[in-house]
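Two complexes come next, and they have one chain in common, subunit A, joined by subunit B in the first and subunit C in the second.
Let's turn to the complex of A and B:
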């Protein structure tokens, strides 16, 4: 009887590139005292050019004008940035006055109110919007849309129809992939927090590297070609981050999670290429786009050329399948200022608005770019993922020009023990679930 | 420092030149009285407060039609906000966004003899 079989599983190979991430890097940017008007201008200009080109196919008989050019009773199309006036939106002055508190001041919940109203703004002026075609519950500040309607006697713009930019053009997916290849997505490891179970993550690493299971299991693991960790890999004890100098025993508490993650990452990097993205709780900058975690945090993993520290948002190609994803801040912010039946609705909306984070810089921290808005989605991804969500969910959406996108909400690994595997051949995904509970019956 | 005080008073009374950019070409309407003690050249020439750049009173005659042309470029709303960018950066952004800004502006900025920062830089 053979105990060990002769078969050696070779991991499948794939092409990888992340050239699109250049747009999210800010090393070359120089701050010259600019304010956010520049990024809003770039966003409005680029989106307006696009919407002007779509307007004739939408409603060809109507003239297009600026907000200042509106005349009472004249039906026309206007294009501008939406601003949602919200009664309950927290004021920045409150946060400033209690800056030194240890826990975040504003509890994340929804700031919506029935009295919220929308205003359309362009460089010439702003106009209040009326009518039920545009629901304030769905839209947020920062979305650029085209509106068909007319100015009322009250000086408001009565909206009859809305045109969103829609899904961007997509490069065709290669259809000749013969074999199943998987990309594993996970997020919310929260190493260092009390709720994180190190055994669960170790099981995942062992599965990915092929140290778990029988031959069939190893065969499945050999089909994994790439791993992405989408943010919140750390959770530092909050009481240590209060601006005081740390005692030396506290210092080791602070970098224990980092050492632990480095050990695990080096195990993964030895076998498969892995990308790590920063998240809200990670030691990276606060404002989007978050810059890659410093390589000196990972002395064990960074020598591997399979290890990549990436920006948040992160965009990459594997075998010409375009992936785009964030660590969740964009969707969480939408969840505070608008409503939807499921998180995937938010994700789909950002794609149809062609903007990853429309609430930046209004309520989401953002770098004040002057000449571009890096969050505009110019090419439609094939897989669009969002990390650190409460539960796993996925949806396949279709665009008007035949685009096909798989939307994925990645749950927090520390709470659910679930990672997501996406099949490059057909964009289907399934979960990898690790449980360490032993049922006592 | 009576001279400085008078300059500042004149500064605050002034109306700003051409905010709407490109539509009206009128010169600033109110005059600032050139103080007697200042070493002003051509003291009967209208000196709008906009000359006070970077905290010092700019009293020489280099405020000429080239600077005027650059200021019109700054105030032109189609090219977006001007604060926080150098004029050349803003011109290059306008080119990248396909707005076809006039080439003379670029030539002027590249000569290096004109102010690289926009009209309001350092003052707002």
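Let's turn to the complex of A and C:
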């Protein structure tokens, strides 16, 4: 048997930093019983400054005024926060009218109704919006826009045109990357659920770490420089989480998925840098921004310097390519309160509104920040991803100032077996799919 | 690998698959026999050619699909469907054996089980030992920048471990694949501004005196380093791991504490007996730790911390023992102690006033005991009472020896006397009072007009004050003490003529 020299590929390296994640951390925040009005105020304040600066280029001849300063028939521009009045929106008190059940009472379907209407609000007052330029189906509560129109006799504001903030400025993408380097994004592992297939995940891990395939494929795997797991890595059986004490056999049901994930993550971390973000079903806090999963959940993976537990939303740079992404709660919430042809439309809208989660804190759980709104997008990312979606989708959008953003919807891995790989050189992405279906004919 | 070695391995695989009906996947094979994955794949191929009759093979086909030109796809296929599956792939795709088994299970995920059990085993090994799972060995891609922090020492998770023959080939090929960007980037590595860096930096600085691992370090070296690294870094590790270490310390302490709570007659002996057997067992745990496969990696820290904790606990035990022993000396009654249990529970090993509280508490029950038994052991009681009051007065750490020396001189001045008289309301009261040899007591008696029940008013009042002070702390015992100490203490001339003595309710002679 000849001894041939095996090619061991050296994995490519990249610079990584996640300095922007600091604004999603809440350790320094103090809760003094404040209400959510402060985060709305911070949001309005920042966005209004921005919109005021954009208004002259948009419609220079029109004056800008506050809601209370509106006069009948006078055309002007007003800036404020949109509020969408929805008939079918569930009220929090409904939860208490019926018996507490284990499954969440509100079923995630769309709450839209043809009678929904929009209202614009700033510190001075509110005004109801009329006109067809602004479709209630597209907008949600919490978006800050500038409106051009005039007050009607009925006391409403007839909208003629809308100005959104648009894509934020983007740092130039480095153009000199000679080689292909990939960042793998996946989400929805759902370890612990009955539908999760551990063999599928193992195949993915084997591919990333370079066990699978022939040597040429392993060379492809060596080009993967970073892996991000965007939420919902666990799925615990709901019936166990009902506030009762757990029997010891039930405790192992809770613990086994965590251990399994830790073993898999340590296999990945031993080879490549990996970030894990919390999601809706993960053992992290509920309100956005979700704090990193505790490192004690991953005793085997935490010792690696390549393992990072990150916040949700998560923003990081790889080789000066900025990534921004969430585990999907923001887009799912938009899906409940507005409509679009595809999820990517929601994603694009959030980028054009310059706000990751406009429905927070209205219908999306959020921490009551007092002096800032961390979800405002200040610099445009190069790659904007959303996890736990139904199917894979991606789109490249261009901004008015030459920004180029790749929008990615990452599908749930437990359902589809698909992970996404983004090429840092040209922002192209493709899928990595795994199937374990064996047919014996 | 020589020919004979190969044949041996093939035979082993045969027995595993046919006799034990195990699923042998290429990864399981590589980890079990320390081969690279690619070698394992070739081995399985040879195996199937030679012994493949009657066995099922699962292949894995991976590459680019025809109808998704840039999408990578990998799927499992049985040998029967392999040709069809291969057609779906475009251009250069790779096929190799994924696993060999006697029969393909209904649920494909069952193929994964054996491999996962192996992974669990490797995972459970103590974190200091490196193995093929933790080092990501035997794969086709190496990453020299991955470091694993093992309890304060960092270890490079380096190039995959292959057989020694291949080392030259490996180094050649790795240099081939070094891109121009790699050397420049290795200096920067993964810069992360979060606390991880701080953690890493601390651990790295601690590891500096320890060792700098080269690529090929044998397992023996690791084991040898394991124990000294733990010992050396035990102290440092605590600071580095921060809350993690503290949490574990808490858990490590609990079993020790509960065992101490069980009431025994002689608390001192109990504690010494308890601590001694624990020490050697922890020593044994420590030494056997690296071989102990039943413990999870994170629990490896516990014995170390327990040991450190043990040290602290022992100190307090010593203090505690001192306290107990002094208290027992001060009282002739050794068999008293139902309340000592209370004191032992309350004094945690690290409380600075541990020595104060048990002492006070241990004296109180003794005093009450004496009252109930109505003894005439004057010296001891007076000693106790003076000690007690002095203790209250200082309200800080009390030096037991000091107490005793001050108490002694005052003892011969008191006498317990039975007195009977009629008070203002016409009630006949008989009291056991302390009568001082000085004339103070009589003077105080004259000034009393209301329904006072005893002679040693001042002492009584002081005692009541004492009792009031102590009642929030102790409760029942204080009440009984107040009456017992009637007339015992010379103190201030505090009189409270309106208040009756509570002991009157208890004593009818």
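We adopt the following convention: the second predicted complex is superposed on the first by the 428 of 441 C-alpha atoms of A that agree within 3 Å, B and C clash if a C-alpha of one lies under 4 Å from a C-alpha of the other, contacts with A are read in each partner's own complex, and residues count from 1 in each chain.
Note that contacts are C-beta pairs under 8 Å (C-beta built on N, C-alpha and C of every residue); 3 or more make two chains touch, one makes a residue touch a chain.
Since the structure is predicted, the reported quantities are computational estimates derived from the model, not experimental observations.
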item	value
Which of subunit B and subunit C A:138 touches, first, second, both or neither	neither
Which of subunit B and subunit C A:199 touches, first, second, both or neither	second
Touched partner set for A:13, first subunit B, second subunit C, both or neither	second
First, second, both or neither for A:123, with subunit B first and subunit C second	first
Greater subunit A contact set [subunit C / subunit B]	C
Partner chain(s) touched by A:34 [first = subunit B, second = subunit C, both, neither]	first
Partner chain(s) touched by A:171 [first = subunit B, second = subunit C, both, neither]	neither
Subunit B versus subunit C as contact partner of A:432, first or second or both or neither	second
Touched partner set for A:296, first subunit B, second subunit C, both or neither	second
Residues on subunit C engaged by subunit A in the complex (per definition of touch)	1-3, 6, 26-27, 30, 36-39, 58, 60, 62-63, 68, 70-78, 80-81, 92, 94, 96, 104, 108-109, 111-112, 115-116, 119-120, 123, 127, 133-136, 138-150, 154, 157, 159-160, 162, 165-166, 168-170, 172-174, 176-179, 181-182, 185-186, 188-194, 196, 200, 244, 247, 296-298
Sites on subunit B touched by subunit A in the complex	77, 80-81, 83-86, 89, 92-93, 96-98, 121
Parts of subunit A lying in touch with subunit C, wherever the complex brings them together	1, 3-19, 21-22, 178-179, 197-199, 202-203, 206-207, 209-222, 259-260, 262-263, 266-267, 269-273, 295-296, 299-300, 303-306, 308, 421, 428, 430-441
Residue numbers on subunit A that touch subunit B, as the complex places them	32-35, 37-38, 41-42, 45-46, 49, 123-124, 368, 370-371
